[in-house]
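Both complexes shown next keep subunit A, but they swap its partner, so subunit B is in the first and subunit C is in the second.
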Partner chain A sequence: MKTAPSSVREPPARRPDRWRSHEWIVTLPSLGWLLALFIAPTLIVFSIAFKPADLFGGVGPGWTLDTLRSLGNPNYPAIVWRTLWLSLATTAVCLLVGIPCGYYLARAPIRWRNTLVMLTVVPFWTSFLVRIFAWKHLLHPEGPVRRVLTALGLCDSAATLLYNPGAVLLVMIYTYLPFAILPIYAAAEKFDYQLIEAATDLGATRWRAFRSVFLPGIRVAIFTAVLVVFIPCLGSFVIPDVVGGPSAEMIGNKIAQRAFSDRNLPHAAALSALLTLAVLAPLIVAWGARNRSGRRAVPVQEAS
Partner chain B sequence: MKTSRVPAMTMWLTLVFFYLPIAVLVLDSFNASRFAGTWGGFSFRWYARLWREQEIWHALRNSMLVGVAATVVSTVLGTSAAFALHRYRTRLQAAHYALIYTPLVVPEILMGMSLLILFVSLRVQLGLFTVFLAHVTFCLSYVTMVVLARLQDFDYSIIEAAMDLGADWRQALWRVLIPLLAPGIMAGALLAFTLSIDDFVTTFFVAGAGATTLPIRVYSMIKHGATPLINALSTLLLALTFLVVWTAQRLIRDNSGRAVPGGGERR
Partner chain C sequence: MNRLLKCLLWSGVMAWAIAGGGCRRAGPVLRLYNWADYIKPELVQRFEREQGCRVMLDTFDSNEALYAKLKAGATGYDLIFPSSYMVAVMRHQGMLQPIRRELIPNLSHLDPAYARYTADERCEYSVPYMMSNSGLAYRRNRVPDFKPTWAMFDRQDLAGRMTMLNDMRETIGAALKFLGYSLNTTNEAELASARDVVIRWKKNLAKFDNEQYKNGIASGEFLVTHGYNGDVLQVMTENEDVAYALPREGVSIACDEMAIPMGAREVELAHAFINFLHDPAIAAENAEFTCFLCPNLASYELLSEEIRHNPAVFLPEDILARSEVIRDLGADNAKYIRVWDQIKAAE
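Take a look at the complex of A and B:
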């Protein structure tokens, strides 16, 4: 599938050179674009964190450590902590719900399966803002959920469902759950279920078989699900902005405030640099873990 | 063997959870009452009001302009990138792949923020042009992944055969490779278009004051007073997205005979 045998070619010696120049022609446009508009800006973010702000919302001359020092602002630890626990809680719930869903999808009869997978994927396609707005609409003081709960006597008329960390958690789960279900479904579909039967035949309870045969078998997919939920959660900005309010702010909100309300780009850049490092950490861990598990054979899957 | 009820229950509850907010929203867009909790009868009044909103039409025009331009450029760049990644197995391509892949996992706010800082440092005037540059940057990776998926089952001997039969590389490209890849390229283009039309976070950072796209307009409507107008607009957007993605799915399913759920989105 690489180049055809060169003996068949007419001028055999010149062929590799020609393909080589072709490689640059097809590689350079995308490579150049991403170097200029993805890599360069990321590097600039890190360097601007060491620059002073000027009064006009731009970047002043010279270098300073003041911006980094101002990250010591007493509000920040609380916001960083909230960002972390909301992201971790979202990831945990998405796994808890995503694993049984993925399992069910994989075990459903073929005729049903495609429809169910489609139904799971459809929320992916709808506008991100519209989905968040739908929840604001539902949880609004005049909205249906509130009315039903009040009618049932489950909440008093002064309670607010919106503008608290709980609302942010709910909408983040809503937004990212499909991202968790899909990789788990893909792995569960390839899993050999005779292994579970074998385990139960050998005396394991169903729960035990699920825990020590099925879960290790779809380990890589669980990793993927954690990454695709946790990382975007860390960078959330619209969800806490629309349903969260001041008591549920996350790092993303602070970045936007520094960039637009305060017009302090170096400060916003320092926060982005912090977030970039926070995003890179789980990626590197996952990459390391994947390489390790790649070297060790997966015994469960090889047994089939 | 007796099977557990837990997975089935979870699945069905999850589907209710997924569709309940959307269903309420669509239903309420036809509600004559402006209060979500009370049903004031079936009506198209919000759609009629929407029709007269000049700002929305202006924002839609901006979105279409950026969407079409970003789709064309990112499709060309992405197709060429996918071709390079598939055709060559060099160290350059390993780096190229990493560079294409990383934007898919980086949170949008970081891309928006870093592009804003780039434009401000280079003193580029923020506006529709900077929005276009940003959209090409994130669409590029998605187009590449979709076209690359199509290339996996592409047989290169067809190209070799064409060239052995006397086609030069231009003819091989335009008369063999591109027509055969057309469904994949179209699917990638449609995905790029939906992503561009739908993008809020990155756009918010690089748009500046004048360049209001549709999501930016929707956002300011959501932030400042939730009138039922947004329900109507959201319902129309839902219908539009379904239509476009349904077409994309059909294109991906074509020939290969199987559906690709999610069309490579965020995976």
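Take a look at the complex of A and C:
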């Protein structure tokens, strides 16, 4: 690192007031894409939530607030709570494992590093569904994991490893962990480790340097990791469906039930809208936090 | 200018490749939308040879999925295989074309005994394809003291190794039968007691499942599952330890029917396919493969002993008398939805 750390951290000079027309034109296709295929469908889903349902899976004429009122269904809080805690726990574990993984990936000797990153990405070569079904075989009551655990005396022969919230949590962590590792690794790779040396020179322990210099330095990546893990977790449908038991339903499963077996599109739309709002809330918080952290010239002052 | 010409030329080549070059075999294409493992593939190939056409098969896993897809405007299917209650709904919604009986001479072979289980006794909009029922699959050597009753789901020694269908009508229906009520009841008190029974059973269930139970019972992951007769009989041909039982309280019977949706392009070919499947020899061959009952009277004598005298396929009189067809309940479906929500939410 030849450049001074502070100049590396500085955000690139932006001049929003001097946007030229051709920049608009360049942005137009992606804006159009977002508008037509993301914002418009979302608004349609929101509006269907205010329509009455008909008995045959259609959307009736006129407008109503009945569907919104029916969200007060006494059975929902348990499902919402389960969705929330599973998503939060998945995010927390993914961060706890992802940060050290990203750190060691970035610190690994260059000849190992590419192999290790490759190994992180390799699972993506296999279909998501196939990997979940592989878990079913691993956790099968007569499968390998179970046999090892029983042999070690860690579980008794009547306990089931599958079809409980624990199995859902395990498979969700497995699925989303690479999404947490990759952004953290990308940031950790660019991090200037001389700052950690400087911190230890100034008397900080290694842990203190890690906590007060490294973590704030990759703060943006941590936010990204939280977003890319937490948001898809909230919308999980396949994982609780395949490895979850009779009491592992999440909001995604309820939406599927409403749309398919109950033939109630407005209700499915209302639940989807609720989910979208639940996703937007952390996004806005993160966006605000990111803006704040972007404006600061971060780590040097904080480490002092 | 030269570049523009080249560009035009290439796009012409591409268009030709996409439109014509890709399909070498000429002739019409019949598009089926059916349940998985529900037709013998060799028979489809024979039909292709006989008619000089191609058949494309797409599958669905529930009547509701089929309905939702067609309701949302999916077109291009020429022949669909909904259960009778869904035929009634789709017919009411004007989603089906009338059947032209003169194109299906083999309709004369239909077994009148099963007509009352269909949605459409006179075959105006649909023709019966297969009869199914839902009972219990179990592992002979792993379940001590098995009894043919829905009360098996109360067996705590099998907790965590049993499944019931993830289908509100089937599963609440099993509890209603267990209690001696009709599985089409709209009586709130009966539904409430059925709810309590399913909630009690749920404590012993690994999950509610419609598809994976077949692999699960085959691999020994599950020891007792609630499932469809033909599906379980198919598993039994591969695994001798699996058996099928009809609960003595009665079961649900369903008829899956063939219907031609609005917007079908190959209407005559679809009729020809219905006629083909009701040719007695073909019907028998198909029934042997799928292990379901094709209500085709002339085909029965061509069936093997195993199928012809299998109580799981041809239900015994006493069970039949206590069994019912699931009917669409219209507005009263909401009662079942409410009960199902309570069951799913209960701890």
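Here is the rule we go by: the second predicted complex is superposed on the first by the 261 of 304 C-alpha atoms of A that agree within 3 Å, B and C clash if a C-alpha of one lies under 4 Å from a C-alpha of the other, contacts with A are read in each partner's own complex, and residues count from 1 in each chain.
In the analysis below, contacts are C-beta pairs under 8 Å (C-beta built on N, C-alpha and C of every residue); 3 or more make two chains touch, one makes a residue touch a chain.
These figures come from a predicted structure and were not determined experimentally.
Aligning the two structures on subunit A places subunit B and subunit C in clashing positions. In the superposed model, A:G58 makes contact with both subunit B and subunit C.
Of the two partner chains placed by superposition, subunit B and subunit C are both touched by A:E142. Of the two partner chains placed around the shared chain by superposition, subunit C is the only one that A:Y163 touches, whereas subunit B remains out of contact. Once chain A of one complex is fitted onto chain A of the other, the partner contacts of A:D262 are limited to subunit C, with no touch recorded for subunit B. Touch criterion met: A:V238 reaches subunit B, while subunit C stays clear of it.
When the two complexes are overlaid on their common chain A, residue A:N73 makes contact with subunit C while staying clear of subunit B.
The partner that reaches more residues of subunit A, of the two candidates subunit B and subunit C, is B.
Put simply, subunit A uses residues 58, 136, 140, 142, 242, 259 to touch subunit B in one complex and subunit C in the other. Subunit B makes touch with subunit A in their complex at residues 1-4, 6-8, 10-11, 14-15, 17-22, 24-25, 28, 35-37, 76-78, 80-81, 83-84, 87-90, 92-93, 96, 99-100, 102-103, 105-111, 113-118, 120-121, 133-134, 136-137, 140, 144, 156-157, 160, 164, 169, 194, 198, 200-201, 204-205, 215, 218-219, 222-223, 226, 230-231, 234, 237-238, 241-242, 245, 259, 261-262, 265-267. Listed in rising order, the residues of subunit A touching subunit C in the complex are 55-58, 73-75, 78-79, 136, 140-142, 158, 160, 162-163, 242, 244-247, 249, 259-264. The touching residues of subunit C, counted against subunit A in their complex, run 62, 64-65, 67-68, 71, 89, 92-93, 159-161, 167-168, 202, 205-208, 212, 219-221, 330-331, 333, 337, 341-342, 344-347.
Those residues of subunit A whose C-beta lies close enough to touch subunit B in the complex are 1-2, 4, 8, 19, 22-23, 26-27, 29-31, 33-35, 37-42, 44-45, 48, 58-59, 97, 100-101, 103-105, 107, 114, 116-138, 140, 142-144, 146-147, 174, 177-179, 181-183, 197, 200, 206, 227-228, 231-232, 234-238, 242, 252, 255-256, 259, 265, 268-269, 272, 275-276, 279, 283.
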